[in-house]
Structures are given as structure tokens and as C-alpha cells.
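Here it is, the structure in full.
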Amino acid sequence: MSFNTFGKIFRFTTWGESHGPAIGCVVDGCPPNVPISEKDIMSDMNRRRPGKSKFTSQRKESDKVKILSGVFQGKTTGTPISMIIYNEDAKSRDYETIKNKFRPGHADYTYFLKYGIRDYRGGGRQSARETAARVAAGAIAKLVLNKFIGKKFKVIGAVTHLGLLGCNKNVWNEKEIRKNPFFCPDKKSVKFWEKYLLAVRKAGSSCGAIIELRASGVPAGLGAPIYSKLDSDIASALISINAVKGVNIGSGMSSAFLSGEENSDEIKSISGKTKFKSNNAGGILGGISSGQEIVVSFAVKPTSSILNSRDTIDKKGKNTKISVKGRHDPCVGIRAVPIGEAMMFCVLLDHYLLNRGQCG
Amino acid sequence: MSFNTFGKIFRFTTWGESHGPAIGCVVDGCPPNVPISEKDIMSDMNRRRPGKSKFTSQRKESDKVKILSGVFQGKTTGTPISMIIYNEDAKSRDYETIKNKFRPGHADYTYFLKYGIRDYRGGGRQSARETAARVAAGAIAKLVLNKFIGKKFKVIGAVTHLGLLGCNKNVWNEKEIRKNPFFCPDKKSVKFWEKYLLAVRKAGSSCGAIIELRASGVPAGLGAPIYSKLDSDIASALISINAVKGVNIGSGMSSAFLSGEENSDEIKSISGKTKFKSNNAGGILGGISSGQEIVVSFAVKPTSSILNSRDTIDKKGKNTKISVKGRHDPCVGIRAVPIGEAMMFCVLLDHYLLNRGQCG
Amino acid sequence: MSFNTFGKIFRFTTWGESHGPAIGCVVDGCPPNVPISEKDIMSDMNRRRPGKSKFTSQRKESDKVKILSGVFQGKTTGTPISMIIYNEDAKSRDYETIKNKFRPGHADYTYFLKYGIRDYRGGGRQSARETAARVAAGAIAKLVLNKFIGKKFKVIGAVTHLGLLGCNKNVWNEKEIRKNPFFCPDKKSVKFWEKYLLAVRKAGSSCGAIIELRASGVPAGLGAPIYSKLDSDIASALISINAVKGVNIGSGMSSAFLSGEENSDEIKSISGKTKFKSNNAGGILGGISSGQEIVVSFAVKPTSSILNSRDTIDKKGKNTKISVKGRHDPCVGIRAVPIGEAMMFCVLLDHYLLNRGQCG
Amino acid sequence: MSFNTFGKIFRFTTWGESHGPAIGCVVDGCPPNVPISEKDIMSDMNRRRPGKSKFTSQRKESDKVKILSGVFQGKTTGTPISMIIYNEDAKSRDYETIKNKFRPGHADYTYFLKYGIRDYRGGGRQSARETAARVAAGAIAKLVLNKFIGKKFKVIGAVTHLGLLGCNKNVWNEKEIRKNPFFCPDKKSVKFWEKYLLAVRKAGSSCGAIIELRASGVPAGLGAPIYSKLDSDIASALISINAVKGVNIGSGMSSAFLSGEENSDEIKSISGKTKFKSNNAGGILGGISSGQEIVVSFAVKPTSSILNSRDTIDKKGKNTKISVKGRHDPCVGIRAVPIGEAMMFCVLLDHYLLNRGQCG
């Protein structure tokens, strides 16, 4: 993993700026002979796509993915798969007024300090638009894993906290997740979330979110100790998503408050099958998957682009005020669900291949 | 980063099992002409060393580091620095009774599934003993950073939660941290923690901890978007430490509960210097250091090796009971402080060199 | 370096098949603030482009490079530079008759064995067309090096042997190299080469070539012992070019026939400057540049696609004959000159940045 | 591959200086459950060991390898294998007289320019002593390959040119190679070589060599286009060996002089088996093994340390003379045979695992 490339055997490189002509990614190391079509990829792209509801950015992007290489007669060939997504609805003029100012909470300031130059239009490279390319890569990883492991394998993400509002995670209704605009797993919470988010948007403010990912059907043995542990790589993958500030593996931060008895998941053999009595470990022990469900969660901070006026400085270091108009998600965390899933697919496939390489 | 190697330019590879003849690491890519001695390294090793108080494992290891290469006439030469630490007090017999059983919460089960073989003595490779080698690598990284950035640079870690007990983080007394056996920053909490941990140990149980790391004097501009972001690499580094289950960057998981106004740190120029009004970002924006203090925290689960009897299975899949005697820390989180610091030193130096490479 | 990515800090990933819609590359880790335009890149592309003379393939490709990201207001931003080149003149029908046969000397057979599937049109991924993407990456590396080191830095390649015909390398006329269609450094040889190559083509045959690259103005100190030595990386880069079968560093294979006295280049200080009395080392000692001119040469085997009928087998393993029509270079070695230069630019920039990272 | 680490999945990191306390390597990514003993490794070490005949350095090293980790109850565990070899016969005093001078043909000058510091004793890190660690890594790779592929797999190296003297390669008597002190495959040449090399040594001079490696039983399909081609990685591996200046794959440099008909190896199916009529490709097409014997050769320049006086400069840039006494091989190329074999084992295993990872 390095700079704009993620992965070890199954690797993808993303490129592109929010208001450039296009964004894209190159997937390398993909196993051959896996049936893949642009249509397969689009079903995942559509889940992340902006402009679908009043709760997300109104930027209108079809996010149509075009495959330029690596697929022949409907199957992967083992050579790099290049995908391109054109930017269709960039409104760069919106950014003229703030091009010399640093938006608080954004990477404007740090990109400028690091590189001495930045594409200010729509956040340039730091825009969440980059994540569309990841979803395309993740869609491919999912297809490969489905072929290798079978349909029992799946990764489902959901928003479990929308700002201050939680939901009943125990419900975890997958159909419901796919239906409501919040990826909320609990139908009862949807109404409250709607009202809450409309109020947040009306106030010119924004809110954060917590997303949970559950991967089931993952074979035991994936993960490469010591410095490519499965959970290290998942954490790295998730924190690389824009605005993510925290990651929990299983019980995560809360495990600090448990006793040894409460925390360590007891093991039982039931009808010849290994069962764990609990899953505080989140399906990962010593950085290796145990065969249990992998459960991780991550926090997305509130959108930094808000209408309300804030203190900041400009490129010359002078104090000024900023109010960001543009078209922004009141909660970027919502669209992080398919992105998190995509990163999970990529990490799991990568470790699947790595384990097959080393351990056969 | 791959398998047992961490880093991109400044890379270290650790090796060794808990009850093998020795453990060690090879540091590669270290800049030349930096004064380094075994004595410098020992001062860091001593902070992690077991057997120093009644609150840590009673295994007696001097953890003496011997430098075998890469240093000539007291200075680094730019070639790999190999360090070896002999295991002196391994008591492998303690593990005979449990060699065919999987300790709940440990990686016994997953190592066995992955590799089909495991060194059961003292946890083998999955033992926290491996972290001694990281501290040696971190000590070198610290010396290099001190030379390059100067004495204003420092990383201080502290335990802010010992199991259910918190402390007053606002005190953050560095002298106190170095003095008490818990790396607790708040003198007032030490007494309570003592009693609490003794009770935990007496009960044959264990508890978790939360550690906070603060790095000040870090230059702005470190971090390589998109997939080698500074916070991604820190998260990956910290989760690679045994028993770590969660990582927060700045406000971390809590940032989900803040509003956009509360969360995004406003910027002010005061006497020509950039100041942030708050530090929810933890000193990292868009994966790049902002020049603010870098603040991260991580959770360590309670020690899995406990006296109390637990359900588990053996290598043949039969149900059985286990009670782990050996010499274990009632709270492994305590010794995670110098380890977390070491990983932070390594990540920061690596990104310092990477940034110098790409951006001059 | 891995799969379809080359480099460590300055990294490029190429993608695309000969008869797919496009080919391209993503350049990552490029330093910011370097002026770069599509026009700059085209001047290098034109040197490699097919269809320019009767001595190269008659495929007509404009090889127009479009930059899709990473450049803003005419300067690099430090983010990935994605470039795309559309395939305009692919004639896939030419390959219908041989789609089930393996062309001797080609990678048809090995791609099929490895991946179980291959894009047979125009050689698919194994086509020399892929090298257009490298030339685009190399053009960027050159611009960066010119900015960093100055105009004294240059890399000049030439064909020194066209099949059985040599030339007088001592002439090494750079203007001449740029003028004749063979990149021949010695004007006197051009006429003979013309006649020779026309005869080869007329006979439905092909011939090989030896290319020499000379890089001057390279700072001393580039190269990372032991396993990323400058010459290791150059050799790896050159052998990765289609049809290259051998590499010499300085005196290369011939150094085996020299005595210690003849071979080791004596050193003299003349007017305070270090001078070497000879350059058998090719400017590289212990894998590190010495400040002398870097001189390497490599051999390109004769084009495998020839008109004359050959024995081969088909996909089912049955014996058959093959005669490859299509539009092929009678000597692919000629167009290897700008490709070799491009790879040299990339290796040198990569090591420049790596050295700046580690050694300052 | 980076700095002092070689490989992708099967990776080894070497460390140590010629006159430091020890040298060693850490092998990572080795598959588990492979029987390995120190004794197995010693049989390879002994082939490289100095001081065995009057034709190699008289430095007396037992080169005893001690395994410190990664092997449990005689089998690999999948964790890193650390090996240490103590330096027993370093005579640093020999180097006092030349510590401020740069030996022509050596890396003294370039190490000094790069790092600003160097361990001058015995060449420090640039000493051929480093290659002992590679042979240890290669011995492990060989054992793994033997287990996976079976006994039909083997790599045999031989010296085919000793300075100006060739031999009859067609003989290629493996028993003879193992018997004579030159790894010469043709018994008839041994006597001439003896006389020649004694004369060279007596004259205070040195000579070069060409080594050929033949790997048979290698499965088809190994190699990862485009930038990790099997031949790219072999070339990189061989050129990383001290004093190697050229590499040929199959017909290598000579392929430039062949016609398309002569060069491209025709294919025939004989009794259902694929046969090639010739092997100019050296068993590699498009960077992927074809199942044919892999044949590569490489040139080793004459030992740079010679008795005869040479011009050079000292650290201050002043002109001076140098005559290197010490204990040197009159032809370092001889001992390059087991080193070349070791690198070949490592590259092949690495690609075996990589291919198993990507392609199953």
C-alpha cells in the first residue's frame, strides 16, 4: 500500500480530482476468468451515488463506469482492469469565492502546506468523489470473492448512529438497510432520522455518523501477522476514507471496560462445529480471521462544509471568515456505507489471495 | 508494510518467538550519520520491560539490546541495523498443560487454522514479547527525529483509562507519567488504580486500558494521501499491537456525535502564526499533519490469559476447560504505552523521509 | 515494483491492451509544482510512435496523450497523474486466423498457460503497444529531473547494432541519432542499415538490435544497496521491455574477459575534480552512481511475428503451421530506443527521490 | 524488493558487515510445515564458503548458520526465520592502511559519497560476505520448492568462462561441477583453468567469469507481467550480486544477431507433450515461464582488490596510489555459482507463491 495504491496482491490505484475531466482506478492482480460486467459494477456504484435523495449532495452524477482494459469476452484476463468515470456535473464556479481560503476541517490547509499547490475546485483530490473509484474496485473484489467462497459470503454495512441518534442494531434488517435512504438497519428509527437530518440541514449545519460492517462467510486463516494483520489492514482502509476518525474491531474501544472473563470469547464445539459464545473479538484473533462474523465499526465526522460562518485564514495567512455554499451532504457518513463495504471487499480478497499464496 | 516488516522508507522487520533463543529486529533505511548507542536504546527498553512492578508480568528479562550491524564508530552508516535481544527467563514448561488447547481470546486457534502448526510456548510469535523489538526500532526512530526536528519534538503516551477507572486527562503531568507504574498522567488517580488493579489480579481476572499518545513539534505536511495517510498508517501501526481493538484520531468515535460547527477546528492567525481554536482533528487533516499536536488514542482489551476457568476446545475439536497460570500482566494495556510511542516514532520518521523524498 | 506498477516513490502503473479502446498509465509520487503539458509529453511520444517510416509497423496511431488528473494550471500537484491514449488503428480481424494458435517466440502460449484466457487481438497485454504508456511516464520523469538537476542532465539512447551490422559508437552524434529512422549514432552506417533492413523485410524475416543508453549529469550517490541497486533496477526496467533478452552495465558481459588492472577504473583528481581514467563500471559502483556517465546496453531479439511459415501448436495441443501477417516492425529494437530512455528517466528519478528521502 | 529486502511474498532481508560481529538474514513469508534444519542449510553454505581451495580467499569462516526463530520441532511455522552467521576470521588491521583511500573498482567511493560515512573494514556492507546470508535464504527456498514441485526440480550453476578461457558447455556434467574447485562443467577444461588462475594470482592480478544457471522442472506460468516479469526479477537478483555486470536470458545479447526464424523457438506436440525445437528464449516468454528449462547467464567482473599498484584518490581528494593486500579471491566469479543458484531459488519460489496467490 502506498500513496494512491491500496493492497498487496489485489491492488487498486485511484486517480482523479473532483472537478477534473474524470476519475478512475486501475485494479491489478485480479484473478483471471471471473465474469465481470459494467452492469455488475453499476449496482454498487448506485448505492454510493450522490443526488439520490434529499439527504445527500445534489450534485448529479450518473457515475457510469467504463471498463477500458483487463476484461475480454466478459471475463477478467489477469491483466490490469482500468475503469473510468467521467465527471459530469462539476460546478467549479462555486469555488471561486473560497479558492484562497482554507475551509476549517478540510484538507485545504494541509494540502497547501505539503504540496505548495492545490486544485481548490470541489476539494480537488481530497474530495469524497475519489471514493467512487474505490466502490468500482470493491465491486470487482466482491465478484471474485463470490466466485471463490460462494454465496454464503457477504458484507453488509449500515449506519447505526446518525449524529446523536442511535438505532436498535439488534434488528439488523438487511432489506430495510437497502430500502431507506440512511442505510439504517432498524425501520423504527428511520422516521426520527429523517426529521433530525432535515433539521440539521435547515440549520446550515451537519452531523456525523457511525457505520457498522458485518462480513459473514469469511474463511478462517486470513490475515498476515505481524504488520499486515487483517484488522490493521481493515483499520488502515477505513481510516483512509474521507472524514473517518475512529475504528473499532469487535467491541473496540469498549473492550477497555470489560473484564477478561467478559471479553475473551469462549469456544464450544457443537455438533462438531466450532462456536464462540460471544464475539467481542469481531471475528479476528491475533490479526487472523477466526471464521466468526467479522464486525467492525467506524466513525465519520460531520461534514466540514457548512453554511454557517466560521473563522479561518487565507493563503497569505490573514484572518477571514468562510461560509461554504456548494452542494454538500448534511451527513457524509451516510454514503460511507457502500465505501466501507468496498474497502472491506478489497481487504478480504487481498488477504484471501495472500493466504492462498503463502499457505496454499 | 508486509508480513513482519513495517514502514516504507524507514522500515523495520521483527522476528522471534517468546520462548525461542532470542527475538530481534532489522531496521532498514535509517539515515546515516546519526549518533546511536545501545545505551540510548536501553532507556526506552526499560520502560516496556516486564517484571518492574507488581502490576506487570513477573517474567524477568533484562531486555538487553545488542546492535550487530549498521552502526560504525557510534554512528549509523545507512546500512541495516540488526538488533538482538536474548530470551532469558522463558519457562516453557508452564505451557505443557495447555499446548493442545486454545486459550479463548488468544490467537492460538487462528494461528493453528492458518498455519497448521504453532509454537505454543508462551504464545510463540503472537506473544507480546515481540513488541520489545518494536521498542528498539522506535528508539532509533526517535533519535533520528530528535536530530532532524530538534528537541521541540516529542511523543508522550499515557494510560487514561485503567479498566473502568478514568483519570483527569487535563492534568497530563509528564513527570508523573514517568514516575508511577501505570503511566497515569494524573497523580490523584494513581492510588485508586493501584487498589483496583490489585483487586483485579487477586480475583484471577484482568482489565483493559485506553492509552493516549500526544506528538508535538511534528512538522506540517507529513502524510501521503490517499492510501498512506498519516492517520491510516498510525491506525494500522497501533492495531498491529497485540490486544488493541480500537483507535481514535483526535475526537475519534465521538466526532460522530458533534455538529459541524463543534467539530471542524476554526483557524486563526495570531501574531503571524496559524492557530487552531480546537483540536478535534487530532492534528491531521486529509491524512496530512497540520502542525497541531497529533493526538490519538487506542484501546487495549483485557489480558486474555486469566486464572479463572473458561470453556474452550482442544486441537481435536473436543470441548474442554482451560485456566491459564503462567506469569501474566493483569493489564497488558499498561506496557502498551512505550510500544505505542515507539510505533508513533516509526510512522512519523517514515513519513518525514517520504515527504522529504517526494516534496523536498 | 509489482505486477503492472514500476517504481518505489515515483511509481507508474500501466494498463491496456493493444486492441482495447485505450491504453494508459497512472503516475504516482510525482513531485509537485513541476510545469508539465501534453505537448511536452508528445515530443517523446512521437519518437516511439509507429508508422513514421517504412522501417517500422504501419499501424497508424497518433499516440495523443490526454492528461486526466494531477496537473492543475499547468503544474503537477503531487497527486496521481492519469494519462490516456486511445487506440485508433487496431485491426483485430487480422488476428482471427491465429487466435487459436500460439505464435512461436511470443507470449501467447505462456499467457494462456498462466491465466487460462488471453486477449489474442494484437497480442493483447503483451503487445509492445503497452510501452507507449511508459514513454508518457518517462516524459514526466524527464521534466522533473530537468527541473531538479538542470540541463546538464540528459539521457541519450542509440541503436549500436542492427542485426548483424554494427556502427562506429565512438562517433555518437546526437543530432544524427535524432535524424535518421534507426536512431543510429553514426551517419556512415545509416545507408547500409537501410539496405539491410529492407532486405530483411522483403525476405519476410526480422532482425534484432542492440541499444546503448548514456546518461550524463547524474549526481553521485543514487542507488540503494543491496537489493535496489541502481543497476539492478535498471536491468529489471530494461528486461521488462518486450523482447529484451540481455543487459550490460558498462563493459557488461565483456568484463569477464578483462584483467583486474584493465577493468577497475582508476581515479585521478584533476584540478580538484574527481576523474576516472576509464568507465568499465558504466558509472555505477556497488549499485550507486559515481557521478561518471551511466552507460548501459541491452539486446532486443528479432520480431517474432514473421511472414515465413513456422511450426507451432494450437490451443488443443495439435500440431499446425503459422505465418503472421498483420503490420509488424521488421526490427522492434529500433523503437526500443525511446522506451529504454523512458525507463532510465523513471529509474533515475525514483532513486533521486529515494536518496533525497533517506540521505537528505 | 527494497533496500536490503528481496522478494514479494517470500522475502528475505539481509544485514551485516564483513568485519562486524555477525551477518544474517530474516526470511519472511515462508510457507509453514516445511521440514528445515541447520544441517540442510550448511550443505549449501559449504559450497560458497571461502578458504576451501587455493583458488579462493584464505579467510577461514565456518559459516555456521544458527536458526533463531520461525522453526519449531523441525518445521517452519510460517513466521519469520531469523538466521545468524558469526564472523570468525575478520582481520580488520589489514585495512588500516587503506581506510582513507578509495579502492578503484570498489564501492568505497560511492558509499562515501552517498552516506558520508562508511565502515572501511573489509569492505563493510559492500563485502561479498553479505552473500553468505543469501545462500542461507536460498537453501530454505530450495527446500520449499523441492517439497512443492518434487525432485524433478533443480537449479544447477556452473562457470562457463574463467577469464579468457571457455569450456565445452555441451558436456555439462553435474557431478564434475560439484567436484572441481571451479564449478566447471567440463572435466577437460579443469587443468587449463588451474594453471591459468594460478598464473593470474601469481601476477598479483585477477580475472572475471561467466556463470550459467539452468533451472529444470519449473512449472509453466510463473512470472508476473509487466513489471515483475520472471526474467526482470532474475536479472535484478543477479545484478544485485557483487561485481555482476551483465545478464543474459537464454540467447541474451546474442539474440540481437539472430534472424526471426533462428531465434523464435518453434513448438511441436510430441506424444501429447509440448516441445520446443530450441531454447533461445531461455524458458521465459513474455516474462512467464514456459515449462522449458530456464537458462540464464551472468558475468562477474575481475576482483577489484589486486596487488598491483593503482592510481586513486583519498578522502580529501588528493591523488595517491593503492595496492590491496588482504586475502582476496583471484576470481570472485567462482564463488558466485552457489550465490546465483540461491537467488534463482528465491525468485522462483517467490513467483511460485505469487502465482498460486493470483491464479490459484
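To keep things simple, chains are lettered A, B, C and D as they appear, and every chain counts its residues starting from 1.
Rule of thumb we're sticking to: a contact is a pair of C-beta atoms (placed from the backbone, for glycine too) under 8 Å apart; a residue touches a chain by one contact, two chains touch by 3 or more.
All of these numbers come straight from a predicted model, not from anything done at the bench.
Chemist: Just send me the rotation angle from a CA overlay of chain A on chain D, rounded to the nearest 5 degrees.
Modeler: With C-alpha atoms aligned, the rotation comes to 180 degrees.
Chemist: Give the chain pair, either C-D or B-C, that is connected by more C-beta contacts.
Modeler: C-D
Chemist: Computing the C-alpha centre of each chain, which chain sits at the greatest distance from chain C?
Modeler: B
Chemist: Express in whole angstrom the distance between the two chain centres, defined as the mean CA positions of chain B and chain C.
Modeler: Each chain reduced to its C-alpha mean, chain B and chain C end up 46 Å apart.
Chemist: Suppose each chain is reduced to the average of its Cα coordinates; what separation in Å results between chain C and chain D?
Modeler: Chain centres of chain C and chain D, defined by C-alpha means, are spaced 26 Å apart.
Chemist: Where in chain D do residues touch at least two different other chains?
Modeler: 2-5, 14, 29, 32, 78-79, 114-116, 125, 225, 359
Chemist: Over in the complex, which chain B residues touch chain D? Could you list them?
Modeler: Touching chain D from chain B are residues 2-5, 11, 13-17, 20-24, 26, 28-29, 32-33, 68-70, 72, 75-82, 84, 114-119, 124-125.
Chemist: So in the complex, which bits of chain D are touching chain A?
Modeler: Those in contact with chain A are residues 9, 29-32, 78-79, 225, 353-354, 356-360.
Chemist: Residues of chain D touching chain C in their complex?
Modeler: 1-6, 8, 14, 102-107, 109-111, 113-116, 125-126, 130, 161, 163-164, 200, 205-210, 220-229, 231-233, 235-237, 239-240, 242, 245-269, 272, 274, 277, 280-282, 284-291, 299-306, 308, 310-313, 317-319, 333, 355, 359
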